[in-house]
Every structure is written in C-alpha cells, then in structure tokens.
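Chain nomenclature is as follows: A, B, C, D, E and F, assigned in order of appearance, with residue numbering initiated at 1 for each chain independently.
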Amino acid sequence: MPMLPLIDEKEANAEVRAVFDDIKTSRNTDWINNFWRALANHPPTLKRTWESLKEVMMPGALDPLTKELIYLAVSVSNGCQYCTASHGAAAKRLGMSAEMLGELIAVVGMANETNRLADGYRVPVDERFENLF
Amino acid sequence: MPMLPLIDEKEANAEVRAVFDDIKTSRNTDWINNFWRALANHPPTLKRTWESLKEVMMPGALDPLTKELIYLAVSVSNGCQYCTASHGAAAKRLGMSAEMLGELIAVVGMANETNRLADGYRVPVDERFENLF
Amino acid sequence: MPMLPLIDEKEANAEVRAVFDDIKTSRNTDWINNFWRALANHPPTLKRTWESLKEVMMPGALDPLTKELIYLAVSVSNGCQYCTASHGAAAKRLGMSAEMLGELIAVVGMANETNRLADGYRVPVDERFENLF
Amino acid sequence: MPMLPLIDEKEANAEVRAVFDDIKTSRNTDWINNFWRALANHPPTLKRTWESLKEVMMPGALDPLTKELIYLAVSVSNGCQYCTASHGAAAKRLGMSAEMLGELIAVVGMANETNRLADGYRVPVDERFENLF
Amino acid sequence: MPMLPLIDEKEANAEVRAVFDDIKTSRNTDWINNFWRALANHPPTLKRTWESLKEVMMPGALDPLTKELIYLAVSVSNGCQYCTASHGAAAKRLGMSAEMLGELIAVVGMANETNRLADGYRVPVDERFENLF
Amino acid sequence: MPMLPLIDEKEANAEVRAVFDDIKTSRNTDWINNFWRALANHPPTLKRTWESLKEVMMPGALDPLTKELIYLAVSVSNGCQYCTASHGAAAKRLGMSAEMLGELIAVVGMANETNRLADGYRVPVDERFENLF
C-alpha cells in the first residue's frame, strides 16, 4: 500500500496533467505507471523529477540503453524492488535481453562483493589511480 | 592504513605468485595494485576473486566497457572509495571519456534519488512490470 | 511472515508486559504495534530499545516532530518498509501534513542524489567545513 | 584526490560561471565550495543539481533549518563524509547548535538500529499504518 | 514475482542439472530453493556462485555455524528479505537457537547504530588501531 | 577532522568522567579511544551507548568473540572505516587470528554478492523458510 493515494489522471490538476501528457507523448504510450501517480501527490517533485530524468537519460556520450543498464544496476544494488522492476522493463524496451540481464546482475553481485573486500581490508588507493583525467 | 600488510611480490608464496603472474599477463602490465596485494593475505580469496572477476568481466552479451561502467556505477553508489578509483581507471583504459564519466555519475545520482522516492511513497509494483521475460 | 511469532499481550511474561504497559501509557493507546510484539521474543532487546527510544525522542534542543521527521527520513533512505510506515504514522500524529511528507521525501531524494555525486567525484572536504564547533 | 580536477572560477566557461555567480548571490558569499567545483566538469549536472537544490530547499511546509537537518541526517546515515561536513556547516549557518547536532546524530543512530531490528525480525506492517493520508 | 521464471529441475539443461544435483547431495536434501532456481537462468552465475559458496562456507579457522551467523547478520543489515529468511533457516539447521537469533539481531542493530554515530561525528581512527596484524 | 572536538579526560565533566572510568575498568585499560571522546560531546548519548553496548556484548547464548565477529562483519559491510578498525582490534583482543579475519571478510563479500543476486532476480521467499521458530 502506498503512503499516499495513487493519483488518477482524471482527478489530476492541470499541473499534474501536463506532466502526465508529456510522459505519454515522450514514451509513446497511453499509460502512466505507479511511480508518477505517487509523485503526483507533490506536483513540484513530479515535475522536477520527470524533467531531470528526461535530461539525464537522453542520448549523450552514453547511449540510452547503457544509461538504462546503469540505472537498473544501481537499483538492484540498492535493493529497490519497484525500481528494479520498472527499470528492468525500461531496459528491455531498449533492447536488453535475458542474457544481458543475467550478466548485469552478475556484475552487480561481483561489484558488491569486491566493494566490501576493499572496505574490509581498508585498502589504500594506489597513487596511479589518482588524477584520472 | 590497511588491516593487514600489503603483500609484496617478492614475499609472495607460490600460490599467490601464480595469481599475480596471471593478473600481469591478462592485463599486460608489470604492476599489481593494492587490492590484490591486500587479498594476498588470504590466498583462497585472492584466487577465487580473481578467477570470478575474469569470468564475469569477459566479453559476452555485454561488452567489456559496458560491464566496467556498471561496475564503476555500483562502486560509486556504494561509496567505496577504492573501487571508485580503481574501476574508474579500468573504465578509462577501456575507453571511458571524462564526458562519459560525467554522464555515468549523473545517472547514478538520479537512480539513488528515485530509488528513495519510490521507497518513500512505498509505490506498489505495476502488474505490467511483472514477468519481464 | 516474521522470523519469530509476534508475541500477544496475553502470552507475555511479566518483563514483557511491563514494557507493553509502559508503551500503552506513554502513547495513550491500548494497542501494541507489531514491532514491539516481534522484539518481545528477546525481552532484553525489547526493554533496552524501548527505553533508548523514549530517551532519544523526548523533547530537547530539537522538538519531537523534528526528531520524528529525521527518523522517518532515515527510514525512507534505508528502504525500511516497516519503519517508513510506522514512523510515517508517528510523524502524522505529531502534526506532519501530506505536504510536509512530500517535501521530506523530496529532501531525502536530493540528499541521496548529491551524496552519490560527492562520492562519484571523490570531492575532498573544504578546509572551511572542518572544525564545525 | 578528486576524480576530475576542481574547476576554478577563472577557468570556468560562461555556463559554469553563471551557476557559480548564482550560488554566490543566493548564499551571499564570494566562495564556491569543492562540490560545485567538481560538478563543473559536467555543466548540465552542475546546473540541474543547483536548480533542483534551490527548489527543494526553499521554505515551504517545512522551514529551511528542518530541511537542512533532514539533509544532514541522511548524509550521516549514508556515510557520506563530504556531505556530512558541508551540510553540517549549512545547518549551523541556519541555527543548528552543537546540542542539536548531538541529538540529530542520536536519532540517526537509533533509526539505523531499529530499521535493522525491523528487517531482522521481518516485521509485517500493521494494517493501521496503511493508508496514511 | 521474480524477474525471470524460476527454472524447474525437469526443464533444466545438463549444466544446470549438474549443479542442482551437487546442491542436493552436499545438503543431503531432495529440494532446490528458489534462489538457485532463479540463478539457473544464467548457468555460469549459478555454477560460479554455488562453487564460491561451497568454498567460502566450508570449515576453516571459523566453524560453519559462525560463518552462517555472519552471513545472516550481513543479510539482515542489508535488508535483504530473501537472504534473511534463507540464511536464517540455514543457521537454524546448524544449531542457531531462537535466543541466539535474538542476540544476533541485537548485535546487528547496535553495530548499525554505532557505525552511524562514528560517521556522524567523523571520528578519526586511533593510531593504536592501525597495523592490526 | 571530527565534527566536534574530541573530549579529553581532563576537561570532562563528572557525568562523562564516570562513563570514561567505567570503560577503563571494564576493559582493564587506561586509555579511552576516539569514539567515546567524540560521543562525550553529548553525554546522554555517551552514557546510553556505552551501557547498551555492555549489555548487548556480554556473554549469552553467543560468546563474546562470536558477537564481536558479527559486529566487525556488519561494520565492514557498511563501509564504516572507524568501526572496522576499532572492532577489528576488539576482535583480535578476543582471539581473532589473521586467518579468521580473512575468512570473515570473504563471508561478508559473498553475502553482499548473493544479497544483490537475490534482489536482482527478485526471488520470492520459499514457503519452507517461513515460520522459522
């Protein structure tokens, strides 16, 4: 059960509806998923989050699928069930296969393992790794 | 300061040296970074971690750079300083530019933000997101 | 399903019942929520946790609502479903409105985003930020 | 050492300088802290983050000090050193005393403890805690 | 709902079946729990994870129950529901009593509390704690 | 640099000194480590934390070394540098060898890996794992 009711398009005010319309247009769908319906309880957060997401996820030096894979990997690593499910679906729409998902989860697992090995041994950063760029 | 002394190649026993040699050969380098020198305090962990890493990171449905970007993203998200520095360097060797790093960090930031928004509103997973494959 | 059965007031031993009675008196309620019923499986943890909580949450330099908002924010940030629900309810009893909840979740989201940006860039602490008091 | 060089105001391009100027005006200071100098390596992230932060932290249903205390609490809970130092300083400017900081850290500690108790016992959410608003 | 279907023994290919057989033999059971059935979607991860687990959890300087208690404690601390349930069951099989579970959860709670107190005060490591071995 | 000055025994008030004296007596040492000197800035937190720790860590169904290993494992898993160093030292005093530390870190690593594999596949809890006690 959500903390606040999921806002339906019909009950949405003009500010919320404008964002919902943009989501539907941008994604070429007629459907709004629960995340945005929850955020609609606080319209400024809805608007800011949607606009930030559009900006961050647009094609750049990284292509959209790579960005979505990174998003999914972080969501898995954080144990966020909703985000794992929704960004899993988004990555699949952009071309992620079951095989790619299997490899992604394996990398997330290894990263979490070695992150803790590095923390457990308190490994000092090598000088050669400083000043990356 | 590490929890246990960093093992130098010269003091390494045969089991450790075999792993160190494989690291140097696989990476075409003559240098062993601190992570492996710390793990060498527990040779079975050194050997298992190195072999797992080689297997997980080899080209598959995802290419090596994409895997390394995912690894780096998780390390940033977990706040692991050593891993952020070392996998940042690894990703750069595989072709990550400063622009790509900037975009990667932005995606990691957004994912952490929306993960917590989803948790805060306790958003239920949409039925359409179930049964991904 | 909980790891251990939720202890009912009727089956509680004297030590547990004393804590349950104090919870009901302090909160002016006749109801014990599941968290305390689970902790009752280990009476020393029940007693210590309840007493610590009473001490930490009593009015001080910070008022009870502010403390409860901080508690809720941390629970959201940790992805703890139970604590998000229970401390959401507690904050509401102390005066948190839906608008305040919306702003709180937005701040938690931003903090998680910028925490990871700071970790990703490995930003060194400015000298001016040291020696706070 | 940061992953990318901290951008100095003198070397900043027009887009970065505009944000730096707005930070200085908004905060009534002549100084840019390292976080923004790091983000300046990726101007869209600098601009978006600064504008989001201004929006999220402005007075609303929660006053600026309460928002800053929540920000600090999350940063402490996430173990983000930079953010703990910088938002500690920000909260102090807005009126946080050493006593308030002591109480805030105590609440963060208790929340982390009971979050894990709830997770460890796998406590089911009470029906009364659903449908908060 | 899992991200990918749980693989049944009957539909498993030879590689997966070999691991399933080894799990059943090693654990003296005729049953495969959902974790392995999920991992069977990516056979290399199934095989590597099972072999790593066998190696890490075998008796050494730490006995199997102590290792399993540590595993459970980390799973609780990470808020991983599945792992808390499955490693709780595994620890019970090795001799963990309800009293031991109560104490374990209490230690996990305290550790999470003091971890954040140390982070909140940004406590510098004492020189005497360096060079542990 | 700590957020607040480390309190020296000589400047401590009576309440703080009583706790410091009890720490020295209980641990049979003449030395107070930085954690307690930081907490002394907020005497109620100092007193409550010390007394909680004494209670939680005393011999029970789990022996003191096992409790300390669990404490250390959680600290490593949380990436808390101070606590990893201080509880590493505490565990060593109680008998932890370098070999045991190596195995502990390996278990922490594996647990973090499989926690994320379970989260990534969104594995449902098996019915047999419910109703543990």
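The rule we apply is simple: a residue touches a chain if its C-beta (ideal position, glycine included) is under 8 Å from a C-beta of that chain, and two chains touch if they have at least 3 such contacts.
Remember, predicted model here, so these are calculated numbers, not experimental data.
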Legend entry - From chain C, the most remote chain by mean C-alpha position: B
Inset, instruction - Report which of C-D and A-E is connected by more C-beta pairs in contact. - result: C-D
Legend entry - Proportion of interface numbers common to chain D and chain E (over half same, under half different): same
Legend entry - Centre distance in Å when chain B and chain F are each reduced to the mean of their C-alpha atoms: 27
Legend entry - Distance from the mean Cα position of chain B to that of chain A, given in whole angstrom: 20
Inset, instruction - Any chance you could list the residues of chain B touching two or more other chains? - result: 1, 3-4, 41, 44-45, 49, 52, 56, 77-81, 84-85, 88, 98-99, 101-106, 108-110, 112-115, 117, 119-122, 125, 130, 132-133
Inset, instruction - Could you classify the connectivity of these chains, where an edge means two chains touch, as line, ring, star, complete or other? - result: complete
Inset, instruction - Provide the residue numbers of chain F that touch chain D in the complex, in ascending order. - result: 3-4, 41-42, 44-45, 49, 78-80
Legend entry - chain A-facing residues of chain D, complex: 1, 3-5, 44, 48, 52, 55-56, 125, 130-133
Inset, instruction - Quick one: which bits of chain D touch chain C in the complex? Just the residue numbers, please. - result: 1-4, 6, 31, 33-35, 38-39, 41, 45, 49, 52-53, 56-57, 60-62, 66-67, 69-71, 73-75, 77-78, 80-83, 85-89, 92, 97-104, 106-108, 110-115, 117-126, 128-130, 132-133
Inset, instruction - Can you check the complex and tell me which residues of chain E touch chain D? - result: 76-77, 79, 81, 84-85, 104-106, 108-110, 112-117, 119-122
Legend entry - Residue ranges of chain C touching chain A (in the complex, touch as defined): 79, 84-85, 88, 98-99, 101-103, 105-106, 109
